[in-house]
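In order of appearance the chains are A, B, C and D, and numbering begins at 1 in each one.
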């Protein structure tokens, strides 16, 4: 350990399901082979700099509660200490990846130039730590939402100078992400939306956003970044309406600007919930549309209307999403980023570890469940049987467009018979899933 | 009047804002010219057969409360009586349009052939009444959700025979809609979705739906139907998830299947709310994406989680949506359909009239407000000023893609200045709108 | 089996966790002793007549999908067949209890007198079947919401004649419940609320409801009914606002009318969710207020805004509620009623059994988890430690009111020290719970 | 003006409905007599220190955007400047009242003693300004939620020392409120609730809260404070669950601890919405229960799940609440506090004025509407007619408990007739209300 932040806690190790050690894994064994691949390679866990090392426990009604020694004092010294603590955490947890915003790792400077210098200094620091620790960068992203300059959006700002500022920021962040070996680059449009339609030109803002994304994609190719560009959908919060509402909306946007082959989605559980969807719905849809990229794993609270970003702690909540990830072929560049924050009252450093240990173990156990569901093939088999009629020549003729509407109608009128109803078997299937849990 | 259903109520007339007659219009004057067009031609009101003449006041916890003499007895006789009462209502209200589902106007028969015969008999009846009354058909649609055969979807059913049955049904309904001079044909996918992902093949169902819509579009052209094909988005209810979630989702779907030039949206206020949007958002977005078609005007209850389909009764709720309709050029084939039902305790025939009189007057008053907002130009002017920077050569260079990300970044680094923040003026603009109300 | 409804399905038996038989229990062993009591006596499962034998699969947008032979034909003959099938189901499932509304078991007659005769005939039938089968009545209740006469409420109706009608109905239902050995009598105020405040006198309606409940309590004592009177809270649906919103509201109502020693609550999971609460919150609060009675176990869908009444299928969703039940001393007269319905597409008789088998097993497994949490004492111990300061003399002095506000302030000013913050340990505790699951 | 903060803006004056001056009142005329009372005396507007002079435009995803010169630098100097600007605003707006938290007006010190000294210094300052300006204090309150010491609650903290600290704080704040002539003292339990039941002893926390409130009430009497003690209900945010969930919950709590004659409610529009209620519901219920006190007027966004605290801008949203206030006899000690904040992008000082001018005008116009509804008596008359049966001897006999359940049943059985249904006339009444708007 580089720092004393976590005291004398030893690295978290696998001790098996019977362990009562709150700082041991009961399910997560990186090297255990599941469906022919190491658990670590399936899950590709990442710890999130933002939530774990930048937040202070403040909320809209209360001040900071966490004691984070790197927050005060000189910016770069603080950033270095923060990086040391972060890598201490990564190593204690034994995770293979981390993720960051530019502003998480380096302080805002007095002007653009100083901010950039700060970021480049810290990029050097991080490069060294990556080299040293073997912990890799799952994705980088630029914070285009915290500073007042972005209050009315970044790419969708009414002021083209803010667009330019944001573009320059992303350019540099993409450079650093590439240099640090990042596997993906994420765009989350926290302020790309509106507070009121009364002052908003919707069409214009969508075109600005389309242009911005095209610029990013072009630049990615120019510099030979071989990672994936990801959009992270969210319907609202902080803004009243965000343009990247959900996976379906992002897909339509990508099609509109001809980018559906270039950009994929980073789906977050809590964002899916805020958009009125389950996490697994968003994954299944992204698979269906060919734009599945990566996951921000966390949990929301269905009774609260904001992004609570809690650590996952229910196996079923994660098992069905992972089942869909596996059905889609698993992660390529993506992974499981803990976009999750400890509660405001969890003020001890060890709380950060408890939270991650719990989250990692839930996901590991969920992977085992999902793998068993895949291996048994019963669920997929049931689904295939249900649609078997579509694989017959008659079904295929309908689907392929070999018959016109009038042809079909003539045939129905001729036969004049009622289709036979079949049970949807929802409770049976839910019981089947419960069996694996 | 053909029937005694409404007793001796006289046709509803305009009496002006000071009238205290609950069966008079205070704002709706069909011939009043607003922004160069008759009020009637702006608003294109339609009364909805389904809500007003088919519902019985039942709800998930209670039986029918309305006395509707046409519901019992012989199917076709009941259908004829229902048509007589419906046209009595249209004439009492003085509305120019109505809308229907096939099953609203004609009873389900013992088999497909009989159902079709029933529908054709009633199409003749309706043709006569249209001729006689001058009331026109805004749109027709097929009920592909009430009968048990559609319990697992129509186009998206796991059974291709149900797909075929639905296709044949739409073919006939489109034929009748064309014959009756319908200006649009609507598809509402009430069961095109899923109850549980566990028994669902999402990708397959989307492809089925794409095929179905393509068949309909091809057939429209084949028969020379010159109305508009409309999809009505709804996110959920009755199903857990519906594929036509909202305008953005429908747009992505249309793009995926190459139908974005062929199909537009019929936006409903309450459906927008259930999807997490305002009514005006959906309209503004449809305008921006070029797929605005028609409106189902009603109101939901933000504290209840289902489609309450209440009559509109707040001017502001309608004025902003109409402002966006006017900004987009107004209705072409579309109009304002009252997709609204009287409450279960509103058991007297006159309650149907009160409801429509109130709704029509709110919309008429809202049109005057929206027109004043358009005419003053202050709101639009404020928006244009806010984005003025994008009209400069520098702004246009960014938007048109004349500069690469690296070019933009180089320029930002060189200038190294902070963009100047400007107030969003939300409260000022809200006050401005309140002024028109 | 009295009927052929379920075909040749054999009674459901315990086969252990490894069984793959979808019609066997994996966890539910009635005689297994948990915390010193038989599982059956802890859980006191009841099957619900209403959901399982009266519903038809209709929803607000669709017709009946279930084939229920008792629905057509002569009322009492149908009611007898329904009772035979219901008791076949109770016996197949091996549950100790059932629950009913008066209208579930006997058809509405042409007038009050005939309805009452029907009910009394069926009470005789049920008495015989209870005797024969050993299946007991957990609670009875009167349906005061389905018939149009109750459209504006029962006790809270603006018409005192409806109040009287409802009172007479409850009198007879309480008589039958007593005669059949019911352990509780439930009042669910589905229409005791309002659709609009515009036509409602809130204070008057509350007083009516208070009078009604007092009448019922007096009558209970008069006839020597030794069961518990229960109110079932629900915030809305079918009405916009229901007076028995949640446990806290019911408590205030009981206090207002002096009934807090006489009446307890029957808490439903899905109703809790609609009111913005977790199921365990409502149970913990009822325990704290001394009004915990019984449970309607089911699950809602946090993404849908209505009462979905699904069968429970997630162990955690039930384990925490049962933990609070056990902490409160367990059920006395209450039990676990499956206020849950199979989905509309679950059209086969066997789907009714799958649903109950799954629900029963989830609850049995949850009981084991809750019992382990109780036995280990770790969770309760953590809570006790957290509040230990209140057990000191200083803490007790504050709590008992021995010091005035001025005394306390003087002491704080004198000491002038900052209290010491302690971690809330939420993630640690969540992990601890996950460990038991 | 004491400061240059608002530049050379002149005091806001009434200019009548046709004024297009955005800094003039179109409806608010303090001296206009409505229902026999001056408008100012009806509405009793208060500007809120917290929202208008303490917030900075930060949100959970973004930094401060407002330039508030008093925020930096020395605490007390800043507090003095803030007070000068606040009173400048009060005078520009011409409002009769303001409201504050202790921490809004005076900075937290290094320890309890210093915080108290700061507060007392500022109390002197405020006393002078009140004297000078004639602007009065509607209510004071203590901030028991922002400082980390209150992260686990104030009165409901697991640590009795925090309870004591909070008690001492309230004692001093009540002293100052009394000294400054405050008409009410408010308790908002922002952290009196829980984040997770896993670490919470619900019953114990309720007893702590009951004790706390009793101490406050006793002290109020001891010092002869003749204002009203108010609880402000809120269901959640910042905590997951707050004990003062809504009016009904607060009523039950007051009854439990024998305080229902001593304490009333301060109802906020946005809090009502978060609890699943309309604003008018909460007011009507508080009237019915005899605990109506004061209002926090603002508006929420039904599509966002958090407290948006926007300024009211829809007449109907305020007219119905004011109708219920007037029906209950109007405000006694209470008033209309703008618990509302300008949007984050409203960065200019003048935006604060626009917001209040709009809010004040909406409320003034709503008062005129509500007064017209009262004067016409049509709505109240309709309600009285609907319940007329309860005023008959038969109705009264039922309500007064002169008949037992058995008596009533015997009578119903004897008569054996069906009550006659009457239309609820919801749409008619909604149209009637729309007429006044």
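As a working rule, a contact is a pair of C-beta atoms (placed from the backbone, for glycine too) under 8 Å apart; a residue touches a chain by one contact, two chains touch by 3 or more.
As the structure is a computational prediction, the values presented were derived from the model and not from experiment.
**Q** Common contacts of chain A and chain B?
**A** Touching chain A as well as chain B, we find C, D.
**Q** Pick the pair with more C-beta contacts: A-D or A-C?
**A** A-C
**Q** Could you please state the distance in Å, as a whole number, between where the Cα atoms of chain C are centred and where those of chain D are centred?
**A** Once rounded, the distance between the two centres reads 36 Å.
**Q** Can you compute the centre-to-centre distance for chain A and chain C, using the mean CA position of each chain? Integer Å is fine.
**A** Those two chain centres are 39 Å apart.
**Q** Could you list which residues of chain A touch at least two other chains?
**A** Answer for chain A, listing residues that touch two or more other chains: 65, 148, 151-152, 195-196, 236, 276-278, 303, 343, 345, 347, 421-422, 424-426, 430, 433.
**Q** Give the list of chain C residues in touch with chain D in this complex.
**A** It comes out as residues 111-113, 116, 148-149, 151-152, 157-165, 167-168, 170-172, 195-204, 206-208, 211, 214-216, 218-219, 222, 235-236, 241, 245-246, 248-249, 251-253, 255-256, 275-278, 280-281, 284-285, 287-289, 320, 324, 379, 382-384, 386-387, 389-390, 392, 394-395, 398-401, 404-406, 408-409, 411-413, 416-422, 424-426, 429-430, 433.
**Q** Going by the contact rule at the top, pick out the chain D residues touching chain A in the complex.
**A** These residues of chain D touch chain A: 57, 59-65, 145-148, 150-152, 190-191, 195-196, 236-238, 240, 274, 301, 303-307, 343-345, 347.
**Q** Going by the contact rule set out above, which residues of chain C touch chain A in the complex?
**A** Listed in rising order, the residues of chain C that touch chain A are 20, 22, 26, 65, 273, 276-278, 302-303, 311, 313-316, 342-343, 345-348, 351, 354-355, 357-358, 361-362, 421-428, 430-435, 437.
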